[in-house]
Amino acid sequence: MAVIVNEEKCIGCGACVDRCPFDAIEMINGKAVIGEACRICGACIKVCPVEAIYKEEEKKKGVNIDDYKGVWVFAEQREGNLLNIALELLGEGRKIADALGVELSAVLLGNKVDNLADKLIKYGADKVIYAEHELLGVYTTDAYAKVICELINERKPEILLIGATNIGRDLGPRISARIHTGLTADCTKLDVDLENRRLMQTRPAFGGNLMATIITPNHRPQMATVRPGVMEKAEYDESRKGIVDKFVPELTESDIKAKVVETVKGGKAEVKLEEAKIIVSGGRGLGNKEGFKLIEELAKKLGAVVGASRATVDAGWIDHAHQVGQTGKTVRPDLYIACGISGAIQHLAGMKESKCIVAINKDKDAPIFQVADYGIVGDLYEIIPEIIKALDSGDELLEVASAEE
Amino acid sequence: MNIIVCIKQVPDTNEVKIDPVKGTLIREGVPSIINPDDRNALEEALRIKDQFEDVKVTVVSMGPPQAQVALVEAIAMGADEAYLLSDRAVAGSDTLATSTALTATIKYIGDFDIIFCGRQAIDGDTAQVGPQIAEHLGIPQITYVENLKIEGNKVIARRSLEDGYFVIESEMPVLLTAIKELNEPRYPSIKGIYEGFKGDKIKVVSAKDVNADMDNIGLDGSPTNVLRSFTPPVKVKNLEMIEGTPKEKATKLIARLKQENII
Amino acid sequence: MNFNLTKEQEMVRTVMRQFAENEVKPIAAEIDETGRFPVENVKKLARYNMLGIPFPVEYGGAGGDDLAYVIAVEELSKVCATTGVIVSAHTSLACWPIYKYGTEEQKQKYLVPLAKGEKLGAFGLTEPNAGTDAAGQQTTAVFDGDNYILNGTKIFITNGGQADVYIVFAMTDKSKGNKGISAFIVEKDFPGFSIGKIEDKMGIRGSATAELIFRDCVVPKENLLGEEGKGFKIAMSTLDGGRIGIAAQALGIAEGAFEETVKYVKERQQFGRPLAKFQGLQWMIADMATEIEAAKMLVYRAAMNKASGLPYSKEAAMAKLFAANTAMSVTTKCVQLHGGYGYTKDYPVERMMRDAKITEIYEGTSQVQQMVIAANILK
């Protein structure tokens, strides 16, 4: 048990009981008792008015953390192209490295991708650690984990950030288990506690209902995967200079147990939801699969990408690639039009950072309106066709509407 | 062939709501379920069992004693046997410590050709425990599996990417993580429910029973710590409701958006 | 009286609810529209032992209990009363009498495949002139030394034409009145057995309701169920159990309509606020919830009595009488609360209202239930 109640101090106010996200605290004889469901989140500690709750000091083994220096970001490339997440990690990594006063290195694995190494410098890396090998052209868990783990053991970075892509989320845990260090998944916010050089890794849990800030106090490197589309991209600066540390790692075919025998691009609708400026999303209120035709029509008119709520994806109306929300994509377009989406917390988690949100829903109490800038209560099958029509003759209508004011 | 499927009992996060006044989670009446991706993993294991002779499917989970009900459900779906690692010593484990504890349990169960996990659990969404178990066991991993074939001693898996897929081949033993696209999980059978609750196919074991490395499990054996947790603040917006006939509503909306240079 | 469900029953409910929501609900409206028998539902039900819930595993059943079976019918009927009655008629009216009165050979030959769901069962008692007055059977069975030769017509037979095995009642000795009735297990392929008219019904439209025609139909003597002359007793005791199934169906229909309506009154706005905010409508909601809860208690009570070997004839009749009333009254109010929309096929409540009506009629009309209840009290 790590969260302890000092019974002498406890006044039985029950504040902790209400606050506990896991229903783990009970009042017994007027004192708070922490039960088995406790996940040691510490929510109760903060809320206790008399400081009767505290966290037991951890006694943990770890490594000599002073041996570890520098911030690394994994620069994921596919088929010789850098992913946006690599630039987002450089943007965030730059801030962290500057705060800590250390070097920012990009770790690039690939085959004949020297041009990417240069690009990473221009985007803010002080150094690019470039492992070039023909067996690194296509990602394999075995080869990538081997090369990166060897680098970590040799060079000892204090922080390693990886994009939480389908590949990053395969690689990260494999490395963390081999190195025996902590890994925080899918972070949406990173900060540094300068006092002890700790990376404060904030991530959503419980389907976005709860945010947790996680630290790795005694192990290094502090590893995090970072959700794509959340951090700001680094700025390109043509004049930046840096070191490209290129080497050929020792790798043989036999190092790779799980072999990629074929790579297929596409095969599913390519939706770059994260990069869309405008998203038109459909929810359960569409009533059926056909409803997405209307959504697509509006999206086409606006040059937008089609999004969807989890309910519609679960119902099989649309591919998972379109899903916005906790278990789908996080988006923050300039304009998000939610059509027939009630606004379950999971959905809001994925889109509420959008600059402007328009909600169309027949239920005026739908939670989506709480995050919306513009709300329309009504039948989307009546409203959307009118919007499409209005867009056809937009300029003229704008004048009319302005004149009304 | 021996297949071990790792499952987790999770609260149905779809049912979790926020108390609008207190800003806390309402957990009352939130059902516990087998984690959805884990259900796909179990289904695929059961399909292999349906397809080939002499396949044994063993389910393993870690959690409080109440998690046994998830194992009953797994038995009711058709698993042969189930193990629950239930021990105060594993409480507070992060993903690495969890993977250490589960690895010990898997070794305790014995031989395996395939370890199947769900990609990630809906309460944590980390997707880390599967690969970490693979690393501890020193076996290859294929994550995000959306299609699977068994050929002799080899698995051939389609591994999903954001913009396509890899076809990956590996010899067994191998660890695979399943995604929703892999299959449509079956329901527990009614007969299976009654059989499962007899309990004779479910074994509850402790960390000592499975010889877990006590230094690397539980809260103290976890490299990561939760510093604090909080419910995310809901941004207060200035909502403007647009009224009128459908046509007026549409016209006014477009006008607003244009005025703000949004479209 | 213990009001808690067992762990098994709780899980059965969860599974049945998921099954109903995902597999049955999506096609319920289409089944109603077309009147098509949902073969695919029957196949899926069989796969998960949902067609033999209360029977022992050695007879092909799920090894479950009567209350679990009731819960299954209830959950199915919430979304599709057609599927509910298919299961109820099969389980209570075809499997059960064989389980209760059949020889070991009959159980192996018929109950095992029925309870496994490999075969579907039906029950043939009602005749054009023997409805509520079931003792007035005109179908005859004449023993020729090896076989019984059946002649006559049955009507309104649920699962008729779709079933493989029929429990059929016929007069073996007219002079003895209802003590001259015997029960037979008839396979669909027996010579002289054919299916006549298929009814076009107001509700439960996907369930097959057919006429059974016996013209010198040859039934081997080993297919006599129970003893000669015990048919009426078998029919009555079977219907006692069947009523619990129908009561569960009625309960499910009421609950299904109610759930839809609760959702609707929160959504639908009139006079600038949701219907749910109007006190007059709140009263209707409260009354419906109370009626449903009372019906549930009666239905579960009857099932528990049956499961624990206690008398249940009166309890089953009360459960069916009350649950059927509830189904009718609740679905009517639900349509009312939906207003004009409730009268259209855009919302499922109109279907549920049509489905509800039959529960007041089949397996003994409400008036028959009253007769049974009164007879039990005044005896």
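As written, the chains take the letters A, B and C, and residue 1 is the first residue of each chain.
Just so we're on the same page, a residue touches a chain if its C-beta (ideal position, glycine included) is under 8 Å from a C-beta of that chain, and two chains touch if they have at least 3 such contacts.
Keep in mind that what you see is a predicted model, and the values were worked out from it rather than measured.
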item	value
Centroid-based (C-alpha) most distant chain relative to chain C	A
Per-chain Cα centre nearest the global Cα centre, belonging to chain	B
Separation of mean Cα positions, chain C and chain B [Å, integer]	39
Inter-chain centre distance, chain A versus chain C - centres from mean C-alpha coordinates, in Å	52
Between chain A and chain B, centroid-to-centroid distance (C-alpha), Å	19
Of all residues in chain A, the ones touching two or more other chains	364, 377
Where chain C touches two or more other chains, by residue	none
Touching residues on chain B, where the partner in the complex is chain C	31, 69, 72-73, 76, 186-195, 197
Chain A to chain B touching residues, read off their complex	2, 18-19, 21-23, 36-43, 46, 58-62, 78, 138-139, 141-142, 145, 165-167, 169-170, 172-174, 176-178, 180-186, 200, 204-219, 257-268, 270, 278, 302, 310, 320-321, 326-327, 334-335, 344-346, 348-349, 352, 355-358, 364, 369-379, 382-383, 386-387, 389-391, 394, 397-398, 400-402, 404
Complex interface listing, chain B residues touching chain A	11, 13-14, 16-18, 22, 24-25, 27-28, 64, 88, 91-92, 94-96, 99, 122-132, 134-136, 139-144, 156, 160-171, 174, 180-181, 215-216, 219-220, 222-232, 234-235, 237-242, 246-247, 249-260, 262-263
Interfacial residue positions of chain C with respect to chain A in the complex	266-267, 269, 274
Sites on chain C touched by chain B in the complex	7-8, 11-12, 14-15, 18-19, 47-50, 53, 57, 61-64, 68, 72
